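I'd like to ask you about the structure that follows.
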Amino acid sequence: MTRERKLQIGLWAIGAVIALAVPFMFGPFRVGQFTLVIAYAVAVLGLNLLVGYSGQISLGHGAFFALGAYVAAILIAKEGFPHLLTLPIAGAVCFAAGLLLGIPALRLRGLYLALVTLAVGIAVPQLIKRFEGLTDGTQGINVLQPSAPDWVPLADDQFLYFLTLLLALPMFLLASNMVRGRVGRAMVTMRENEIAAKAMGVNLATFKTGTFAIAAMYAGLGGALYTFSIGFVAPESFTLTLSFAFLAAVVVGGLATITGAVFGALFIEFVPVYASDVNEALAGVIYGAVLIAFMYALRDGIVGLGRRLIRRASRPSGGASVGTGRPRVGASEARRET
Amino acid sequence: MGRFTGKRLLWLALLAAAALFVAACGRDEDEGGGEGGSDPGITKTEIKLGGSYPFSGPASAYKTIADGAKAYFKKVNAEGGVDGRKIKFVTLDDAYEPPRAVQNARRLVEQEQVFALFNTLGTPNNLAIWDYMNQKKVPHLFVATGASDWGEDIKAHPYTIGWQPDYVTEAQVYANYLKEEKPDAKVAALYQNDGFGKDLLGGFEEAIQGSNIKVVAKESYEVTDPTVASQVSKLASSGADTFLNITTPKFSAQAIVAVAKSNWKPLHILNNVGASKALVLTPAGLDNAKGIVSTTYYKDPEDPKWADDPAMTEYKDGLKAFSSRSNPNDPFHVYGWGAAQTMVEALKNMKEPTRAALMDSVRNLDQEVPILLPGIKVETTPDDGYALEAMQVQRFDGKRWRLVGDVVESER
Amino acid sequence: MERFVQTIVDGIATGSLYGALALAVVLIFRTTGIVNFAQGEMAMFSTFIAWGLLQAGLPLGLAILATLALSFAGGMVIERVIIRPVEGGEVLTLVIVTLGLFILTNSAAGWIWGFETRGFPSLFGDDSVSVAGVDIAVESVGIVVLLLGVVGVLFLIFQRTKVGLAIRAVSINPDSSRLAGISVGRTLMIGWGMAALVGALAGALLAPRLFLDVNFMGGVLVYSFAAATLGGFDSPFGAVVGGWIIGVTENLAGTYVDFIGSDLKILVPLGVILVVLLVRPSGLFGSPEVARA
């Protein structure tokens, strides 16, 4: 096993330990924040599949998140469904919605796709209000949070955290398998060169629409988990700001990475709050500046940085002497010259 | 520089994890309780209150409410506090987003360990947190919204109470006014498509039932709309002779201008939130606003009538001393100041330093708040969850608002 | 009938407002190939500067001219300092940077000037004339004329001047342009400066109607994108015409189509975007994207 691999495993282990330890290290409020981070991470993962791996841009991801959140809220609060049952339903509904959006998206690329998805993202609060018979419009829907069953020796917030983690894990594993396999390679080929992909037998239509649907499904599941965690949905909860936040999370975490979703979600949950703590009035300035700074310094996101560090750390001891030396002039260097 | 080996990195990381453990050092459960028998957030020297406001985002214009409240608390502290306890008001930004309000509430209650939540702003935000607040049995007081929910539901949400006259009360005042002045009015309504707009319009429609007043046209708008000009244009051609303008400041100004520019000359009724001379009428043009009718329940900082009024002087001096960047003519400051006065009164009337005693005090208020109009009192009983239920009609004469008639009480 | 004509006239008036900001959006796209999400906020910031100058006592015309100049400079600085480091990189990186700029500018404006609504005087006064029972504001006519004037000037710049030629060259092929001796960096800066200037002008035109506050451009931006999409993202004339079409359609739909009503008005520009992009992505006047097959 290479050094790099050992390092990676080591870091994974640490990460797992931390993730499991969180509910015992922090009070209920913080744990609640981390639970929300997990819900966001699932949605961001879906968006990353769409944007990072298959190269299709979406500025309206919040719409599917909202759809999933409302499906869960309506079923639980109004129809008395058990919480867990709403997850597959939310996922299925959003999958279908993603297919619907994916079909016209076939014909669009880049800027144009961005605009259409932007339109979808904007329309969400309006549509929620318009269908108020179902959604209770601006009153919003209050949802009871899942509480720890008696035989589990955990507090409610800890239970919810572990439940969310447990539900999110398979989503991450599934995504990870997808991108490592045939599907992932097809997506990346499609992203880099559509003609080549077609020539290699990739059915563009299936993959493009399929990716949309999968991304939507992930967003919907994230939305349902969000409903469990926050316990309330209203039109004001799902504005364009949310879609932008998801996109920022994808890029900050690392495009075309799986673990990037977690870091991205941590970023969009905590940075605005910290910015606000530093200075209420300047919170937006701080947040915007941090976002821009991230784009300068960490173009491949946090995970990208992590990978680079791991690579450097796992080089044979002796550091940057022979062999590494001056960086080779590659494509990325040439670009920086411009 | 040492060797940056993989092994070192691993150890470093493990060390970091261990440090995290030690730092977080076991879990801080909430409800730790204060000293001997009293609740969190209150000690012999301090009372901690929490608030969630939109300091950023689409509703940021209302943050001046927080400024007004803070100024009053600072003044009270400068004068010794409440029974020797200084008030600490911790405010957090929720950008008018319900999920952030939920998190703020949890943070304030569990991490900041506040005694009570005061004056949280926005109907959806308060709806998002009131179940939680009542579940935790933390007082959720004097919320900054006029939705009727807060007074309707005392049994299910005993820890929640509003402050301002709610929108239904306000609508009743308009209905009454019309019944007297224009009993056959044909009303065209512009309303914001959210809880605030719908509550007011709904209250109005209910209050005019059985009379000859009719709503002949309704147009809504979203806060994300750039302008309401086209809605007003439509209403102008509806044949109505009365314009019920249920909007928030920016859109109120737009509507006033749109009406003034058209040929439509209705009786213009403007809701209280949008009636500020400083924030709305001046940008819209004082001449355009002549004849507009609205309601109010507190003294107008720009009304010369109150120039020497002790309460007004106290407010203006206090704002200058404790919030010097603030514009005293911004009515939201007065609002915050007034609500804070009720909060302090409730704290003063507490029989014990406990949340239960605070709620008891809150449910039995009978307070003259000097910055409110004479004749309007804060009154609550265990069955009556509406703190303020009266308003007075005012008409703009081109230069200032003039009070009309008497204080009108709600018909609940 | 009168109602119908009035609806159309109102639509053109509102549409001009959308078109004004769309012009700025199109300018940036045309020169740098980026969609600048922060365009509206930059325009808002510029308008606040103009307002500040007015408060300081400058007459309206002078205040606006000064603001245009300042905005031009500001646009150049933004390109050089904020955008240049990520130019030529991933599209997404650029998108996020403009988003960050959006948030930053909005918050900065609030911090400096506060969040209250303010009035802003109109360049064209407040009168309106009544033609055959239809009210037309002098201001609306003025805006239309001014916009067409700006489109004309831009046309001249792009077709007849060296700077315009440079901009066109850089937007098509920066590397070849560099080889031909064009300073790509400087050209990009000029492009951003121009867009910022037009944005500032748009702000000054919109503020009297919409009233100036920190969030007043937010709603307009979507409509401007729709207008630019409809007209063609690289056509200034298209942007203005697109704005009119959207303004009129939205008004007509709001008035005559009951299902839409006023609360779903936003669906009109969104629907336009969708339809145009599916049927004719390059818009009415834009140049079609030629992809090497």
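Every chain is named by a letter (A, B and C) in the order it is written, and numbering of its residues begins at 1.
Simple rule for what comes next: a contact is a pair of C-beta atoms (placed from the backbone, for glycine too) under 8 Å apart; a residue touches a chain by one contact, two chains touch by 3 or more.
Since the model is a prediction, treat every value here as computed from it, not as a measurement.
Chemist: Tell me, please, which chain's centre (mean of its C-alpha atoms) is farthest from the centre of subunit C?
Modeler: Chain B.
Chemist: Decide which interface, A-C or B-C, involves more C-beta pairs in contact, and give its chain pair.
Modeler: Comparing B-C with A-C, the pair joined by more C-beta contacts is A-C.
Chemist: How many angstrom lie between the centres of subunit B and subunit C, each centre taken as the mean Cα position?
Modeler: Averaging C-alpha atoms per chain gives centres 36 Å apart.
Chemist: Go ahead and note the Å separation of the Cα centroids belonging to subunit A and subunit C.
Modeler: 32
Chemist: Identify all positions of subunit A at which a residue touches two or more other chains, and write them in rising order.
Modeler: 122, 126, 129, 281, 283-284
Chemist: For subunit C, give me the residues that contact two or more of the other chains.
Modeler: 107, 110, 263, 266
Chemist: Would you please write down the residue numbers of subunit B that are in contact with two or more other chains?
Modeler: 56, 193, 222, 224 - these are the residues of subunit B that touch more than one other chain.
Chemist: Within their complex, state which residues of subunit C touch subunit B.
Modeler: 3, 6-7, 10-11, 13-14, 17, 107, 110, 115-119, 126, 128, 135, 137, 206, 209-211, 213-216, 218-220, 223, 250-251, 254-255, 261-263, 265-266
Chemist: Give the list of subunit A residues in touch with subunit C in this complex.
Modeler: Going by the criterion above, the answer is residues 51, 57, 104, 107-108, 110-112, 114-116, 118-120, 122-123, 126, 129-130, 195, 244, 247-248, 250-252, 255, 281-285, 287-292, 294-296, 299, 335, 338.
Chemist: Write out the stretch or stretches of subunit A touching subunit B in their complex.
Modeler: By the definition above, subunit A touches subunit B via 3-4, 6-7, 10-11, 14, 17-18, 21, 23-30, 32-33, 36, 122, 125-126, 129, 138-140, 142, 155, 226, 230-237, 239, 241, 272-273, 276, 280-281, 283-284, 309-310, 312-314, 317-319.
Chemist: How about subunit B: which of its residues touch subunit C in the complex?
Modeler: Going through subunit B, the ones touching subunit C are 56, 58, 60-61, 63-64, 193, 219-222, 224-227, 229-231, 233-234, 237, 249-250, 253-254, 257, 261-263, 278-280, 282-285, 327, 330.
Chemist: Applying the document's contact rule, which stretches of subunit B touch subunit A when the two form their complex?
Modeler: The contact residues of subunit B facing subunit A are 1, 3-6, 8-10, 13-14, 17, 20-21, 24, 26-30, 55-57, 91-93, 95-99, 102-103, 106-107, 109-111, 123-124, 127-129, 131-132, 193-195, 198, 222, 224.
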